[in-house]
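There's a structure below that I have some questions on.
Per-chain numbering from 1; labels A, B, C and D assigned in written order.
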Amino acid sequence: MNATTLDAFRGGLAGLAARAPRSTLTDSERLARAKQVMHRRLGASDAAYLETCLHCGMCAEACHFYVATGDAKYTPVEKVTPLRRVYHREVGPLRWLYRLVTRDITAAELESFQELVFDSCTECGRCDLMCPMGIQISPMINIMREALTAAELAPAEFRALKAEQAATRKDLGVGRSEIAALAAQISAAGVNVPVDAARADILYFVTPLDVQLFPDSLRSAARIFNRLNASWTVLGASAELIGTGESSAEVDIPRIVAEAEQRGAKLVILPECGHAYPRMRFEAANVMGRALAFEVLSISEYIGRQITDGKLKLKPIPGKEQVTYHDPCKIGRGGGVFAEPRAAVKALGLELREMESHGRTGYCCAGGAGQFLIDRAQRLRQRAFEIKMHEADDTGAKTVVTACNSCRYNFLTGARDANWHTEVKSLLELVGNQLTD
Amino acid sequence: MSVLDFARGPAFHVAIVIFVFGICWRLVGIYLLRWHPDYSRPRRGGLIGGGVHSMVMRSLPPHELEKHIVFQHVSGYGWHLAYFAAFLLFGPHIPFIRQFLGFGWPTLPNAWILALAAIALTLLLVLLIRRMVNPVLRALSTSDDYISSLLTMLPLITGIAASAHLQLLGVRYETLLGVHLLTVCALLIWFPFGKLMHLFLTFPARFQAGVLLQRKGVEA
Amino acid sequence: MNPTQQTVAAALASRGVSRRGFMKFCATTASLMALPPSLVPTIAAALENARRPSVIWLPFQECTGCTESLTRSHAPTLESLIFETISLDYQETLLAAAGSAAEEARRAAMKANWGNYLLAVDGSIPLGNPGYSTIGGVSNVELLKEVAKGAKAIVAIGTCAAFGGLPMAHPNPTGAVAVSDIITDKPIINISGCPPLPVAITAVLAQFLVFGQLPELDVHRRPKVFFGQTIHDRCYRRPFYERGQFAESFDDEGAKKGWCLFKLGCKGPTTYNACATVKWNMGTSFPIEAGHGCIGCSEPRFWDAGGFYQPLSTTRWGGWEQLGVAAAAGAAVGAAAALAARSAGKAAKAQEKSS
Amino acid sequence: MAAERQPIASIAVAVEFDSGNVPLLLNELRHALERLLEEGTVHAIDLRAIPLAPGEEERLLAALGAGELSAVLDAQGRSEIRETAYPGIWCITHHDPAGTMIGRCIEVTFMPALLASQRPDVVQGLERLRNKL
């Protein structure tokens, strides 16, 4: 991928907001829709968290947006205030008392939280780890996001993507045909990429970023699967079914599960994508209301396991180059994938220099959970990204390896804007290039 | 009826009934809400162990996260320990505790208790001021925080005054003792309805978090 | 000669008391009033000129314990000496005369000293039915009102007269009240205790005698010199309290070592009296020294303030059964709240699906 | 049965009560002596007004010891005026005619006032002497 592609893609994103549809909902409709989401999703678990918060403010210290700016409004738990108020007034056991002393939320207040839950939260989960009470804040941010989305109060970029997805079945301009075309192109270059095979052990996903920015990602995955003689296929509909525009999980996930189960897939493997991984790995079973018949892995997890099991052999990269590894939040802290990518880094013959915050406490790249889509949040993103940059610099490594293409995109754009010369590489692509003959 | 008779009698009686009623109301009202089952495949087994682990480990944040909260952390531990030690290890409190539990335990000399109470009170005051000054805390704080903080301090203040037999503003000892008990009644009545409930809620919440993160394969 | 026209010094001298004897009397009187020894010369000077006051003593609903306390404990004693310096013109229990002769003596004394005599009262006054307690056919309340009219001040002796005492204990069958509940236009000094310390009684009389005025009083109108500090404040076992050393039962090691009796229900911390320093039975001992906690007998409503063996820090709380009911009720409200919220949640889900 | 029953007097009470007041009183007396020498101020402590644990009064008196002078006053009962081992510190004990102790006072003075002949007594004595002559 070259700088021109990157800039073109960025330019495309910048134009997204203008294409957002006009929302015609009245304030009371917005409020009703948002509350409906909150009522559906608020259960005992979130209730216990909301009831336990002591307002100690420690979560602020975990949030890269607060750490970068020192602005109190970025205190994570403060971002779910409307949810907390709806909970206390309408769901919690003391609701009759709360109604005596508190006001209801308004649509305007909800809207004022748009910036806090979309621009300045990447659902990275660092605060969830910090909270001395064990409060899981990021899942509640997710409720807030869903509520705002239902109220058509999501940022313009999100609404534009969602509308496009509904109209064109394409996400960020990528649908079945674009995936098929990329697969054909790679196959033509000598690396076979089966798409929508009738039966396969492994169902592999391709994301819009893979197609638009990082085509080598699919090429590398294909090389690895083929080297392992795996029975695999790309899911042609993967982009449209697991889009970034907060598409409807209730509708799309059953279709994905059906696609996997029809093919007799034993494994569903997600590419280097922090959006698709938690959705398939944890959310899917709960949307289905049953355990899934297949296992869900991220590609880095899969590679690490094959290496550890001795099935995948790599040629070490000569020179014992120093690298540092950036744990993608949704795959690391959100999915426990820490050891596998590190096993791969080791097998690649690289010297891993860990950042001060790594593994479960690692900082976010600052653009996760679709934050990178929001044009107005660019400056904020950059400030938070600098934390990551400094931690990476402190390791002395000249290369950052990661396993999520959103992270990679954020690193690339962030580095460009900060004139930072550290290289950013994909674990999958490094492995794909070092397979033994 | 004197203040002390009122405090020891009807006031305390009503307070503890509200205390128990409120605690059960709130706890049952929380935990009987829907538990969304998690059908996703756990990355690791031992979910219960993960929960227990996190009940303990959340007391000790990792170094990377601890950086800017050392004072808050240490002072938090400090006042809680001093507060409970002053409550539990003061001789005259033992009959109070024994009427519920049926047993008591050895206690500390009063001078120690006074020192502990002074430490607890000082830290509480410092933390209260910090809450009012620090932008993050000020933005987060609700009336619950201030009411709870005040009601937590009052028994300490009146307790110190009573045990030191200070004739505060001409208030006689038995009245002071009555007021001390009344502040305890106020604390008990407020307890179920404010943040003080974290006495009961903290460990279950940590356990929940521990189970969740164990399922994801992340040390919580 | 009217006995009240004589000065105290003259009365003593006429009994052959030397100046040294008088000085000794002044020293012990100072001690009695808890005045510093440096005030002895002042007391002597005052007594030189003090006139013997007339005292009328009315007994109401009482057990004679107060009179016993005063007369039996130290006979003949300093207190009796004090009595020799006052003119006790009427005391039904002690008076040799009886019936109408006694009443006559009272009326004569009242007339002779109208506006200047001291009225001492022991016992509470029943308001429920005037027939509950009468003297010569006159109800206590009538008699009190009559005698109080000409009194310079009233000394309510004992907890019954001062605060209502045991007759007033729940359910107060006689409708007993204290002197201060009936008389509101005269200075009243309460010398509470069941019985009160004899020196407290005599000291008030001595004060009246020496300075012609009433002592400084606390909120319960008790002389501060005796009721200014708690038993606990002056208790020799206080250091054990401070060190956290308590007797846990009446026969444990702590009890044998004389540790603090707080946990055995001692009311010393809330009881204002001088037992811990003055002591009883000619300064021999006082309840705490004998190994029993103070029961607080000089305090209002001590009889209804929980058990004598209930430590001060215990409370009324209803017991586990009551708390169980409270818990069940709370749980029921909580369950109702949760179930209603659950169905609201399910309704939201259904509605979202349908739309 | 009878053999098992112990007379109360034979139960040894080994405990020594301590209110901590004895050393405080001794210190107070030391300061009082200093002031007596420097300023000539007299001082007195009424032992009835001090909370003393059982046995402490005896310990205080034992600590003060006995000096070379003691006098007995016979007026309204016996009184003993005794100098302690520390000259200037006197212990004065009053009894009533029945022999009951009614007061005890520690005085810090060169000579207790009670020892001196009292002016009214002297006047009265002179009168008697004149009458006799």
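Here is the rule we use: a residue touches a chain if its C-beta (ideal position, glycine included) is under 8 Å from a C-beta of that chain, and two chains touch if they have at least 3 such contacts.
All figures in this text were calculated on a predicted structure; none of them were measured in a lab.
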* **If a chain touches subunit C and subunit D alike, it appears here** => none
* Structure fact -> Contact-pair count is greater, between A-C and A-B, for A-B
* Find the most central chain, measuring centrality by the gap between its CA centroid and the centroid of all protein CA atoms shown. => B
* To do: Tell me which chain's centre, taken as the mean of its C-alpha atoms, is farthest from subunit B.
  => D
* Structure fact -> In whole angstrom, the CA-centroid distance of subunit A from subunit D equals 93
* Quick one: report the Å distance separating subunit B from subunit C, using the average Cα coordinate of each chain. => 42
* What is the distance, in whole Å, between the centres of subunit A and subunit C, each centre taken as the mean of its C-alpha atoms? -> 80
* Structure fact -> Note: subunit D residues in touch with at least two other chains are none
* To do: Two or more other chains in contact with one residue: find those residues in subunit B.
  => 25-26, 28-34
* **subunit C, residues touching no fewer than two other chains** => 333-334, 337-338, 341, 345
* Structure fact -> Chains touch in the following pairs A-B, A-C, B-C, C-D
* **subunit C-facing residues of subunit B, complex** => 1-2, 4-5, 7-10, 12-13, 16-18, 20-34, 90-96, 99-100, 104, 107-111, 165, 172-174, 177, 181
* **Residue ranges of subunit A touching subunit C (in the complex, touch as defined)** => 35-37, 39-40, 42-43, 90-93, 95, 250
* Asked: Can you list the subunit B residues touching subunit A in their complex?
  -> 25-26, 28-41, 43-44, 54-55, 58-59, 61-62, 64-65, 67-69, 72, 76, 134-142, 144-145, 193, 195, 197-198, 201-202, 204-210, 212-213, 216-220
* Structure fact -> So, in the complex, the side of subunit C touching subunit B is made of residues 219, 230, 233, 241-244, 246, 248, 260, 262-263, 269-270, 299-301, 305-306, 311-318, 322-323, 326-331, 333-335, 337-339, 341-342, 345-346
* Which residues of subunit C touch subunit D in the complex? -> 17-21, 23-25, 27-28, 30-31, 34, 36-38, 74-78, 81, 234-239, 256-258, 276-278, 282-283, 285, 289
